[in-house]
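Input: structures, listed below.
Shared chain: chain A. Partners: chain B in the first complex, chain C in the second.
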Partner chain A sequence: MRIIKKIHRTFKLHRIFIKQDLKRLMEYKVDFLTGAVGMLLAQAINLFFLSVIFSQIPSLNGYTFEQIIFIYGFALLPKAIDHLFFDNLWSIGYFIIRKGDFDKYLTRPVSTLFAVTVEKFQVDAFGELIVGITFLCVSIPQIDISINFINILLFIIAVLFSTFIYTGIKLITSSIAFWTKRSGHVMYMFYMVNEFAKYPTTIYNKVVASIITYIIPFAFTAFFPASYFLVGGNPLFNIGGTIVMAAALMALGIFVWNKGVSAYESAGS
Partner chain B sequence: MIYVEKLRKEFKKAIKEPGLKGSLKSFIKPKNEIITAVDDITFHVPKGEILGFIGPNGAGKSTVIKMLTGILTPTSGKCEINGQIPYKNRKNYVKEIGVVFGQRTQLWWDLALRETYTVLKEIYEVDDEQYKKRMSFLNEVLDLESFITSPVRTLSLGQRMRADIAASLLHSPKVLFLDEPTIGLDVVVKDNIRNAIKQINENEQTTVILTTHDLQDVENLCDRIVMIDKGKKVFDGAIDSLKERYGQSRELKFIPVNFDIAANLDYEREFNLSDNDIFVENDGHSISVKFNSDKVSVEKMLSYTLSVTHVKDINVGDADIEEIIKDIYKSGVDIGG
Partner chain C sequence: MGKILRIYKPFTHAGFLLAAQYRINFVFFVLGDILRCFITFFLWHAVFTSGGATTFMGFSETDMTVYIFISFLTGAVAYSDGSYIVGEEIRDGNIAMRMIKPIRFETALMFQELGERTISAVMIFIPLAAGVEIYKFVVTGTLGFNIWFFLLYLVSLVLSYLINFYFNICYGYSAFVLKNLWGSNLLKECIVSFLSGAIVPLAFMPAGLGFVLNLLPFASLTYIPVMIYLGMYDVPTILMSFGLQIFWLVFFIFLQRIIWSACVRRMSVQGG
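What follows is the complex of A and B.
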């Protein structure tokens, strides 16, 4: 019962915070509209370049254009969901800790990680989300994927846990700031590895492939789960791997975060 | 209520030589030194007391407050408030305290002030009826009505401080921590804030710990002060006892009828005083004599002065706490407590 109450309260707070942040966006109308236009432009440019690439290359390492679009679209979903809900971790890496602004989260009776992440609802992510879903909708009818209950369930699970791979990596790297005061560039370096995830891992050399499989496992946010739906394969590795990686990264992330909170030194005032 | 025992906080600080070269050097081969910001401080605060926490810049006041509010984890020592250890059961603990850092704000910067209160209401799980009651009380004490619909970014510093104090009190905390609540404010607003703090303390028996550089705050509000310097406690007691112990300094101020005659006054010779015990200043309008009342009584000073010159006006001032504290800061000696 207590757990249910706690979850209920968490969702309620979450809703309230999102509402607040949307109000904040509305407060600065010009900025909001410019941001929305910029976001659409960025995705349009992405689309344009992809179409240029695939007008030259009909297939990539055995993957057809439609299959690549499926992987690309899949890759965008967890990225977008993480972007939507956990974007404030970037501020942890860049300035919240350095400026001592973390103090206020510590004086509130909610978990610090929750308080930090719910404070920002990054609507920019809707661009990626829309493009991702569009890619999937365009590619799925043209490739041989059976749409059944199991597959839909596995798809949802795969996207959900892929999201936590993103969040986990950001959590670990942003927490470094508790000791170094600033870790934004470290975060950025690790985060940008996700660019590799949009394409089949098999096109990379061994070193890159190992890195994105085992060390910074972005391959599990797109290629591995997506290729399960495309060409079959072992769900224990392709989907199970995503779950294991996500769980491991989140566990490590929360551990490092908590260690970091007790090492937090604030800033002089 | 609040027990602090041998509380200590050390920070590791990188030693850097000046310039880019120095920065590079410390980047490649960092050297650290340990800085003790708070050095085994012990004190207790009973329920309902207003404790003034004073000390020069960098004395460690904020560090102590941050440990008491669960923001920093102490290196060693103990602090217990309401039977809870701040950094251990943080989430539970902070429900019972209110915190204001004068230099920062916890208000939602971009939104109307009221929005902050509605969010805090949810965070602290204040029910609707209690919230209504509380808001009208805070409104009465801190006069928020006129700006509650304005975005926080447009508030003046005085308004913002009142709003921040209200935010810290929304959940009726048992202990209120105020870190420099009157910093940068004008005299009228300072006075309002002091009255508000007093009223809340009286109405609800809220224990208040406040740090300040404004000694008017201390004189008007505090039952007791703890003075720290370089991380160590140098005084702990009532303000009166501070005056008693260190406040032998008195000031005799008078306007002589004739300045030439008054020039014949020679206190040093008359009472055989050293430079440390007497200081005479003549600004052309009046003459001010600061003296140590341990060495020579007020009565003797007065009668000697009046025996030499006629005066238009004369008065003897009490020890000024500001002066005492300045003296203690400057001398920096451990005077025990």
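What follows is the complex of A and C.
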């Protein structure tokens, strides 16, 4: 019973914080809408870029246009969900620790990690989410994917754990700021590797492919799980690998975070 | 001229110090952004392997690779913070302080950026340009470096920066109306990167659209300098392109002055 109460309280807190954050956003309504249009346009331009390529060649390394769109759409989902809920980690890397603002989270009766992440509900992420879902909906009828209970379940699992790969990597790199005061730029460099996930890993050379599979495993956020649905490859590696990588990164992330919180010394001024 | 230099030189010095202070951050950001070039590089490599043809709409694989990296380089060197800085100053009201000083706002900003650009140019321009030339030598087996095209590229690059600077200042003034520029800056970056040929070379666009885009100011930012670097333009085309770049530069300088004098009269500061 106590655990259910605790979960209930967590969700309630989350709702209150989201409401609060939406109020902040409404201050600059037009600005927000313009930004959302910009995000949608950026994806439309990428789509145009791909269609230019496919106007000249029938398939890319054996993948058709629709299959590439499927992988691309899949890649956007975990990215968007992470963006929606865990965006405040960027502020940790850039200024919360440097300015000594982390003090306020230490005084709260919830875990520091929860208190930090719940503070921002990044609505921009809906742009990526909408585009990702659209890409999937457009591509799925064109390719041979059997829609059944097991596949839907595996899909949800894959997206969920892919999200934690993003969050885990952000957690580890933002925690560095507890020691160095500022790690936003390191975060940015690691985070940008996610762009590799949008295309089949087979187009890259061995070095790049190994890095995005084993070291900064963004390949598990899109290409591997997506290729299970596309060609029915080894689920143990494609989906299982996603789960293992996500669990490992999150465990390491939480460990580094907790170490960092105890190493945290507030700002001098 | 000497007087102008004496007045504005401290701004250059300040910009130089500022960039030197944040040089490590800058390196990480550039590394993050360069990853995108490599993704595009691998994507095009796969396109050429899958397609089997040696050229794609007139571009060989080597041309395409040079295009990807030099367009990135051009964008990075010709980058201007103008619209963010102007937007922020309008939002927090500091713009009022600028108005009472006996110096031109935009000139001071440009001299400051001049200092910052020097650092970034040294740190990324030399390694990247050298890398591209070495790549060309390894792939083609001949020394393809043409000093004349390179010098013409540098002239075009300087014009590209100046156009970008004044365009961004004009854009930043929209904060007088919009108050917050986060969203519109995002939209601007997205549109500019597309129209300037930074994502897809304008030569790949449908003929009619491509012709119009070539005349718009955005082509002057990336596409024209890169095509000159690639040696794809003959002398008359290069001269015409310089003419176009100078036209847009003059256009934005005057537009900037007009907007500024119109906005100063009806300014309201939000107060932070």
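Here is the rule we use: the second predicted complex is superposed on the first by the 267 of 269 C-alpha atoms of A that agree within 3 Å, B and C clash if a C-alpha of one lies under 4 Å from a C-alpha of the other, contacts with A are read in each partner's own complex, and residues count from 1 in each chain.
The working rule: contacts are C-beta pairs under 8 Å (C-beta built on N, C-alpha and C of every residue); 3 or more make two chains touch, one makes a residue touch a chain.
Quick caveat: nothing in here was measured; it's all calculated off a predicted structure.
By the document's definition of touching, of the two partners only chain B reaches A:Phe17; chain C does not. In the superposition on chain A, no contact is made by A:Phe114 with either chain B or chain C. More residues of chain A lie in contact with C than with the other chain of the pair chain B and chain C. With both structures placed on the common chain, the touch criterion links A:Asp103 to chain B but leaves chain C unconnected.
By the touch criterion stated above, A:Tyr28 is placed in contact with chain B and with chain C alike. Once the two complexes are overlaid on the shared chain, A:Glu195 sits against chain C while remaining clear of chain B. Of the two partner chains placed by the overlay, only chain B lies in contact with A:Ser262; chain C stays clear of it. The residues of chain A shared by its contacts with chain B and with chain C are 28.
Note for the complex: chain C touches chain A at residues 24-25, 28-29, 31-33, 35-36, 38-39, 42-43, 45-47, 49-51, 53, 56-57, 178-184, 186-191, 193-194, 199-200, 204.
Listed in rising order, the residues of chain A touching chain C in the complex are 28, 30-39, 41-42, 45-46, 48-49, 52-53, 56-57, 59-62, 184-186, 188-189, 191-193, 195-196, 198-199, 203-205, 208. If you check the complex, the residues on chain B that touch chain A are 11, 58, 62, 66, 69-73, 87, 90-92, 94-95, 97, 99, 101, 103-104, 106, 108, 110-111, 115, 118-119, 122-125, 151, 179-180.
Those residues of chain A that touch chain B in the complex are listed here as 9, 12-13, 16-17, 20, 23-24, 27-28, 100-101, 103-104, 106-111, 262-266, 268-269.
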